[in-house]
Amino acid sequence: MAEFQEKSTIVRREQLTGDVFRLTVHCPRIAAAAQPGQFVMVRAGETLDPLLRRPFSIHKVTGDGKLAVLFKVIGKGTRLLAAAMPGERLDVIGPLGSGFAPDPGGPHCLIGGGMGIAPLYFLAQHLLISGHGAANPPVLLGAQTQAELLLLAQEFSELGYPVLTATDDGSLGHPGLVTDLLDALLAEVRQVYVCGPLPMMRTVAGKCGQAGVACQVSLEAHMACGLGACLGCTFPASSGGFHHVCKEGPVFRAEEVLWSR
Amino acid sequence: MAEFQEKSTIVRREQLTGDVFRLTVHCPRIAAAAQPGQFVMVRAGETLDPLLRRPFSIHKVTGDGKLAVLFKVIGKGTRLLAAAMPGERLDVIGPLGSGFAPDPGGPHCLIGGGMGIAPLYFLAQHLLISGHGAANPPVLLGAQTQAELLLLAQEFSELGYPVLTATDDGSLGHPGLVTDLLDALLAEVRQVYVCGPLPMMRTVAGKCGQAGVACQVSLEAHMACGLGACLGCTFPASSGGFHHVCKEGPVFRAEEVLWSR
Amino acid sequence: MEQVAAAPPPVDLRVTIGSLTLQNPVCTASGTFGYGREFAALVNLERLGAIIVKGISLVPRPGNPPPRIIETACGMLNAIGLENVGVERFITKKLPFLRDLATPVIVNILGDSVEDYARLAGRLSGVEGIAALEVNISCPNVKKGGVAFGTVPEMAAAVTGAVRRETGLPVIVKLSPNVTDITAIARAAADAGADALSLINTLLGMAIDVRTRKPRLANVVGGLSGPAIKPVALRMVWQVARAVSIPVIGIGGITTGEDALEFLIAGATAVQVGTANFFQPTATEEIIDGLAAFLRNQGLSSIRQVIGSLQLE
Amino acid sequence: MEQVAAAPPPVDLRVTIGSLTLQNPVCTASGTFGYGREFAALVNLERLGAIIVKGISLVPRPGNPPPRIIETACGMLNAIGLENVGVERFITKKLPFLRDLATPVIVNILGDSVEDYARLAGRLSGVEGIAALEVNISCPNVKKGGVAFGTVPEMAAAVTGAVRRETGLPVIVKLSPNVTDITAIARAAADAGADALSLINTLLGMAIDVRTRKPRLANVVGGLSGPAIKPVALRMVWQVARAVSIPVIGIGGITTGEDALEFLIAGATAVQVGTANFFQPTATEEIIDGLAAFLRNQGLSSIRQVIGSLQLE
């Protein structure tokens, strides 16, 4: 429960596609405390517009105090971040929220769609370190086109994970939804971790539920504070009432979430 | 009366002191139409904060479609401009306002204080071109410290003007007010052009009035549009009522201005 | 086979305010576009839905002493003090330029008493080249102790009725947001004969220079405008559009085509662009282009399909 | 000769609100600082003037469905729907942590009826560790057709009086800005026994997603806060400070020391920091440092020399 605010320095900026970027920043205290599935709140720009910090999953953590965020340009905050250059400072708060709870026993299946792939890489790193990565079924990665997937798929491979891909336009891997790839694997899986667009997570949660496979999902909500204070980031809970995504989540067990709305 | 809006490219960025910068931008239509004493309205940053454009005097114009602005960092707009790098685009509107009316016969005396020096360089260029520069009395330049003056004084010298300087801290030239230097010159001068802090211009206007020397002053006012539309940029007129600095000015004959307030 | 770029399908941006049809819903807000001419070098004035000129009074007004404007977070405060050339000079000096445009000209009027408004309406009615009147009721009623006409339903109705009786031109009543219940003022104006309502005028605000400890505006308080106020404006437009059956014109912080669409979806028939003209003179043209692009993307043929189309559960 | 850096001269930031003395005027605004603990890792809670907790009702409230917040230009809209743990769980689960701090804790209360407010005040009065009550009168009165208590002077007075009768704690009444004349509400609350007034709560606003044509907030309308509203808040604080003789606490968009100084100069005895906590968690501490630095620069010894020091011609 220790959060830090660090004026981190951008050490690396990569442009993966026209609108997908990866920034690696030096923020040793946040990096040291980070757990897979947690996120950071980043101040974009230095004026009052944009006003609020932007939440991003922790995508990678390196031993030397660095962490990376992987993001797509959506609006003005991500546009400003995409223009930030190495050497510039970035005001980062984290690590925030409650992340994945890696089940001690595999096999583990990681499923990421679009920018939902971001937290899964950190999880994959973590599973490897704790000795649960190598023998696992393929990581399933989906995106609109191959451009978004190429480098990321390669990096999961380099970690030692088999990778299966799906693209909307069929330019890489399975043409269609990444969730289609799950059916063939469900029998051999004990734990699914999924992050991506809501309909995708709903589908995965449904399939896992039917197959009796444990499933953890990483939700999104508009956030003002990221600290559990504003009560803005709610998501309907299956038990009635609301989850606060920034504090109780962003990762939930699929059955805790009210998927119907 | 033709104004242009140009997405200009920054071709050069110079840092003169800790907080004084000069940006040279390529905006051929504005540069071609510019007259000494006119100004431009520049958009600082790309979001809604800061909201309004910032007015800057046209400091230099070159034949190849470039113009320069010289500015000091005051608040958030100038802070953002100071961080703009060559290659970036700057949205500029100009040339605006009614500038100096160079009297056909000299001798001309130019007096600039602080960033008020900016428009005088363009005026000096212009007077030279029209054949009135060489035989003139010294240009009088004042600032807080020498750092601000060194390069600018040299550039006026290179144009062929004698230069006298004054600094508040005595680090260059006369220790004290640049207006002190005027007394000795008034007898040989026909026309004074002054731009700088209000008290300085008031003093110069007073001295010129007593000596019967024509004096043109370049005023400042907070501006929203720079186009004569918002009626925000008023300055009290000696005839009663208000001048609109952006349209009727920024340059006025000293006797048109109500100095008393 | 060669691909021939098809011309984009035509979209219909026309809207109607009373008896007045505008080629598109994008107008300029009073006081932010001068008398039109100031923007002629930068904006194609012929493309605008309408030009609404700076508020005009019976006699010229010098306005407030400076400073008159100050930037705030995503907004600005102004205390121009209703400086204007007066109705006679407006007619002789400013109107001729505007009359030569195909774009409708709407004259914003202001007064210190009900009679002022009535006389202005009468004077302007006979004049060629005026498409409508916009009645600014945010001004204080000097006869009634300075309470703004726009804050009391009966006073708003009195001004509206007086103007209505003097003119056959469409009458647009411009509402102040500095009230508890804007729908009460809106209904009063509508019932008194307004053809349309425009809103919002500026929110009353203030700024202080902490070094001098003086107000930043010589007038102490001023009107807040710009993107900062858009959420308040949109809420009020939505409330008023539900409360009256005459057209509503949305104003407040509109800067982009998307901003304009929010107001149209909330129920506005047209919009006015104010502060955005200052920092982006071509804002109106970009908004017009944005509306057309939106219709094309959504496969719609007319902007009228968008007006009031807010989806509530 | 060696220069020895002299310790900066001590400055006195203390202010008094009724019977309560704060070590400095910088408090946290209700609903923006949770129950204090949420910020413990990032902010030194002991430095704050006071912590004002999220609004508490008699029974827990689940709040509105999502989306509940949306960013706007230099501001944000929220429609949390007054989600809170209810007074009993507040006392047992949230207060113990706060009680262990030296910082005064002010409890913001809200209800649907005058009786709700009275019962809350009575319940909290006996409880140790509560320094004052802040009465949020922006809530709709469910018994009177949902008109907000804060928009009608008589209703504001009724709530204030009911709370006053139930408690010996200092009573701060928190005013809504969505009114024509905030000084009328302010006077009514003062006359009914308030020890202080705090203002402003949020401005009612709205935002629409043009692609779905749905309101961006599930609740359709929400409260606008943040730097965007600062000019309106400052104007109202100035008006109210002149209209009443009890202390006024300024709220609205305060982000920097300079912002806080504007409110103090306008007449506020203290300030609350709201939305700024979200984007800059250390805003309160930076503001406290900024106030101290200002006093030193200006050669003043006490912040009380600044309060109400606005220079008018």
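A few remarks follow.
Think of it as A, B, C and D in the order they're written, each chain with its own count starting at 1.
Operating definition for what follows: contacts are C-beta pairs under 8 Å (C-beta built on N, C-alpha and C of every residue); 3 or more make two chains touch, one makes a residue touch a chain.
Remember, it's a predicted structure, so these values are computed and weren't measured experimentally.
Using the mean of the Cα atoms as each chain's centre, the chain most removed from chain C is A. Per-chain CA centroids place chain A at a distance of 53 Å from chain B.
Taking each chain's centre as the average of its CA atoms, chain A and chain D sit 36 Å apart. Chain geometry summary: the mean Cα position of chain B and that of chain D are 46 Å apart.
Counting partner chains per residue, chain C shows two or more touched chains at residues 73-75, 226-227. Annotation for chain B: residues 48-50 touch two or more other chains. Judged by the touch criterion defined above, the protein chains are all mutually in contact, each touching every other. Across the interface of their complex, chain A is touched by residues 45-50, 76, 80 of chain B.
Remark: chain C residues 73-74 touch chain A in the complex.
Put simply, chain B touches chain D in their complex at residues 48-49. Per the touch definition, chain C reaches chain D in the complex via residues 72-75, 77, 151, 178-180, 203-208, 210, 212-215, 220-221, 224, 226-232, 234-235, 238, 253, 258, 261-262, 265-266, 294, 309-312. Across the interface of their complex, chain C is touched by residues 1-5, 43, 48-53, 93, 221-225, 227-236, 241-242 of chain B.
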